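Please see the structure below; I have some questions.
For reference, chains read A, B, C and D in written order, and residue numbers begin at 1 within each chain.
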Amino acid sequence: MIIVVKNSCEQQQFNNLVEWIKELGLDVHVSRGEQSTVLGLVGDTSKVDQDLISSLDIVEQVQRVQEPYKNANRKFHPVDTVVEVGGTKIGGDNFTVIAGPCSVESESQIIEVAKAVKKAGATLLRGGAFKPRTSPYAFQGLKDTGIGLLLKAKEETGLPIVTELLSVSHLDLFKDVDIIQIGARNMQNFELLKEVGKTGKPILLKRGLANTLQELLMSAEYIMAEGDCQVILCERGIRTFETMTRNTLDLSAVPALKEKTHLPIIIDPSHSTGIAKFVEPMSLASVGAGADGLIIEVHNDPKRALCDGAQSLNPEQFSSLMGKVGAMAKLVGKKVNF
Amino acid sequence: MIIVVKNSCEQQQFNNLVEWIKELGLDVHVSRGEQSTVLGLVGDTSKVDQDLISSLDIVEQVQRVQEPYKNANRKFHPVDTVVEVGGTKIGGDNFTVIAGPCSVESESQIIEVAKAVKKAGATLLRGGAFKPRTSPYAFQGLKDTGIGLLLKAKEETGLPIVTELLSVSHLDLFKDVDIIQIGARNMQNFELLKEVGKTGKPILLKRGLANTLQELLMSAEYIMAEGDCQVILCERGIRTFETMTRNTLDLSAVPALKEKTHLPIIIDPSHSTGIAKFVEPMSLASVGAGADGLIIEVHNDPKRALCDGAQSLNPEQFSSLMGKVGAMAKLVGKKVNF
Amino acid sequence: MIIVVKNSCEQQQFNNLVEWIKELGLDVHVSRGEQSTVLGLVGDTSKVDQDLISSLDIVEQVQRVQEPYKNANRKFHPVDTVVEVGGTKIGGDNFTVIAGPCSVESESQIIEVAKAVKKAGATLLRGGAFKPRTSPYAFQGLKDTGIGLLLKAKEETGLPIVTELLSVSHLDLFKDVDIIQIGARNMQNFELLKEVGKTGKPILLKRGLANTLQELLMSAEYIMAEGDCQVILCERGIRTFETMTRNTLDLSAVPALKEKTHLPIIIDPSHSTGIAKFVEPMSLASVGAGADGLIIEVHNDPKRALCDGAQSLNPEQFSSLMGKVGAMAKLVGKKVNF
Amino acid sequence: MIIVVKNSCEQQQFNNLVEWIKELGLDVHVSRGEQSTVLGLVGDTSKVDQDLISSLDIVEQVQRVQEPYKNANRKFHPVDTVVEVGGTKIGGDNFTVIAGPCSVESESQIIEVAKAVKKAGATLLRGGAFKPRTSPYAFQGLKDTGIGLLLKAKEETGLPIVTELLSVSHLDLFKDVDIIQIGARNMQNFELLKEVGKTGKPILLKRGLANTLQELLMSAEYIMAEGDCQVILCERGIRTFETMTRNTLDLSAVPALKEKTHLPIIIDPSHSTGIAKFVEPMSLASVGAGADGLIIEVHNDPKRALCDGAQSLNPEQFSSLMGKVGAMAKLVGKKVNF
């Protein structure tokens, strides 16, 4: 960490700052310039509160040189993490597709969709049982019943299941869930991150709507600090001023994260665009960007099917998409099983 | 709610959509135009999923006419809500200041600060016991000990206390806390909102970094739907591209919220700017914008005091600020007790 | 256009609004609801000031149904526009790559780079002669000399040239330039748009850093309203809170624009990310998203080459990239000549 | 400027970088750390291209210590600039209000509004003659006729006039205009900035919708580098995700700019919010934040008056606002003449 101190500051203030840093167990290298003095902090600066220091009157600027994350950092773990679950691999040179309905609605629905996505090449089943909804008056999911139906679909198809956890108090219901999803709105629900980190299960961590990639890595670090290193990162669109798509899918996140971390990165083209016909181009774009996989919404609703829309694809559209995704993934050197 | 349907859609698709809406218990008024057809939905549209409908292929646009919140809506509750706690009032024509340290650090610290802010005119004491930190390696607060010290400071000074709740599992510790704060990162932690709504206590709800004002009102609605109508809204800066301040304080939120809701609105000039010397101008600006109060960080740390900085004010700076805030609040017709 | 009027408004105010709309030559259909009244405006609403109407006290909301652009609108021109320049085609089922240095620096530099990019498959040469720089003290380009050097490189290689125009007063110097580029900072310099529209030349219009896709189309409309329909749109990253990349490349813009307009859309992966090693993944992602081409920075600077960085690729990196881009473009059904 | 270089870089690359910096006329201080090496650049770094250096592969981070602006920098010019025009002062301890219609529409309109705003205490008259409009089909202003009408209103009332310049080619028409306004969309139209800098007239420079405060100061620097130091900065709202107001007024810009520059700063509450009833609270908030003045839209349109809305105030509303603004400005120690 580098701290630039104004030369206008009093000696006493300067000494206080240096002493304070040393109390944190760090060494300080001082180099005086004409208008300012640069302090180089040597040692483990991950505990230093950058905001606090940068807000001091005598401080011109503060800059981290070392990243504040360790377990998630590629510098210390150069080899790609590969998460294995039920015979499926996520990360490394694998390309993996998770698919399923937005919400679990009934036994026939989830089993039918599960069979369809398995046939098309998906190796994990997603489905919402607990749904985070902006409005308290909106449908909040089938909850424990939904979890039960997902487990039936798993039994029927062999597909491991991914579903979202909203609260520590529901954790008991998730003991047979294969991958626990932490949604965008809970990316900085640190108490929840600590608890899922204790389960040792694979965690699918979605980027918050207004969170930087560094914050995403810090949230992964929360989980990994509890000993759970099976974290899968997911980019699902960020909030910007643009309104033609629901959110702005930040695909540059893929190469940026790949450089910083060894964790797998998958893309959610369904939620980010919010529009079914954009799912295919953005899925192919994700493959080009170097992603390790996709999580895609597939529905099976005859009424919705007639309207032919929504952010979900129907099984035929999904199957057609998988053909194109597979061909492109092979072209960029990924292993696919479809 | 208004739905604009493309005239290019097939009759069958159109009928499906209309039928679907009627199944939700709503009436539909159809008016055909040259290029598109407008459906007017009559009835309680708060349960209609706008995202789903707008993503249908045959739909051009969807627009809500009614706001999706009710309890928080000024249309149905025109009179300002005034929250009362320990003899202090927030809302209506009162101007109220909450002050205290960022974190509770020790008994002497919190009591000393409490006395200082009370003397200057603050009527509520804030202080963090559970701290949400981006890094798992950063200080996470004194936790239950911190709550205990806040209660001692309350005993000593009579000031009611405000402190942040991070998890449902800590709720037992908050039974003597006067106002429960829900932080920006948990604004859409819906399970937490439901639980605090059941306490019946006053809730200080901070706007999320990337949340719209309508989403803030929907989160208030979560609390109010549980029967707890004592919600205080707090603007604390949003995330933008600007870097000279930590966040961008959105003061237009004050008149915008005042128009939409009867709930009190206070401003946090400390966290939003992140810079002590900007706290005074932004506090005075808040008064001008019509806010009902302020929540301000005041510290009592001799070392930090020597550096004379951070986002916290020292007691002298706070006292000086209060004089100016009081004079300006009177000028705009607010009642102040300082 | 749909206007939702509050039922609380006085009859006189309502009549004034309706009369005012009729004076604009539009028909008004009125449908009264319980809490509000919906006005449907029929006719050419492109001249109606949406901002003005939505700010009226009696108006709840305003929504356009028709897009405010015509010449750029796919509804009225369903067939893809293909821009032809010097034997090269941009748009339709072609995939086209524009390449060259950020700034023209010397005759040998521009000619050497031109030869290298031509060999690798680029069919247009880019190079900055007039450079928009944030600082008045930074290098502003070789100006007219730079244009001359670009023309020499064209003579030498046969590649048509693309270069940026900053001011109407430089227009004379651009008479032999093949494609005039309007940069992001000038996307809403409407006087400049009008003037380039009068040249009849192909115009490469870059999206502004904080401009919506609809605003981009409105700026294209400015050029097309002058009779020039050869507009090429370019996504080059938008400004967000993320800092790991210089800007956030919005690739969802490709399918979103393709739906709304018949104009070709190309991507600039160099400026958007600002980092050389991200150019390849984002180029491949652009192909996947369905873009019509790329504009890529290629340099030829031995010193910079040693450092092996910057947002520019060296000729070897560019050549390697082109092989991958070509293979992927063919996979998605595009014609490539490399 | 500080450059952090990775220790993994080759000696040859490192030497190249150091040599390159020295070629720019700068001294380099090297301090080696365990994981990285810090280069301190001494000398005039305003010409160094930070983007270029930060994109080099061997570079971890780059940080400016000195601001890249000089003429606008308070460090070198600690005393507030006071712009004087026609007996009115802007800056220092003065509080000044500019008012007038959005567009000049007719002789009677502009003269009537001019008289009304003068009576209420405004000392400068604003009015648009050349209007930047998103749509080519929208009214683009009365142009030269509009300038003529503004000059008549000036003759009639003595109020100096402020109006927006869109293009260098219109500059001749502006020779009798007192203050030339550069609009938000042209904040980085650098050719236009250079030309207005040559006029020596006071320039009202509006912040771009997505421009940082540092970029605003760099654009002021463009004007000042031409010898014109009478620049007035104007905050008018930035683009964010929030939709309840047209833009997000960034009032923290006032103390942030006051610290960095000696130039006067005024606020435009009309355009930023886009809603007439928010003009009063945001005007008072601007006074609290420490602004040097306001620019407010006042109309005189009987039809619009009946609807009682739009972002413009009518003369009565403006007069009432001025009373409150004056009282508050005095309270914060500003001189007002109303």
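To be clear about the criterion, contacts are C-beta pairs under 8 Å (C-beta built on N, C-alpha and C of every residue); 3 or more make two chains touch, one makes a residue touch a chain.
Note that this is a predicted model, so its numbers are computed, not measured.
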item	value
Chains in simultaneous contact with chain B and chain C	A, D
Identity of the chain that, by mean CA position, is farthest from chain B	C
Distance between the centres, which are taken as Cα means, of chain D and chain A, whole angstrom	39
Geometric centre distance via CA averages, chain C-chain A, whole Å	31
Cα-centroid distance, chain C relative to chain D, in whole angstrom	27
Multi-chain contact residues (two or more partners), chain A	210, 239-241, 277
Residue numbers on chain B that touch chain D, as the complex places them	210, 212-214, 238, 240-245, 248-256, 259-260, 272-273, 277-278, 281-290, 324, 327-328, 331-332
Residues of chain C that touch chain B when the two form their complex	2, 4, 29, 31, 33-36, 38, 40, 42, 60-61, 63, 65-66, 239-241
Chain C-touching residues of chain D, taken from the complex the two chains share	12-13, 16-17, 20, 46-47, 49, 51-52, 54-59, 68-69, 132-139, 166-169, 185-186, 188-192, 194, 208-210, 215, 218, 221-222, 225, 239, 246, 274-277, 303-304, 306-311
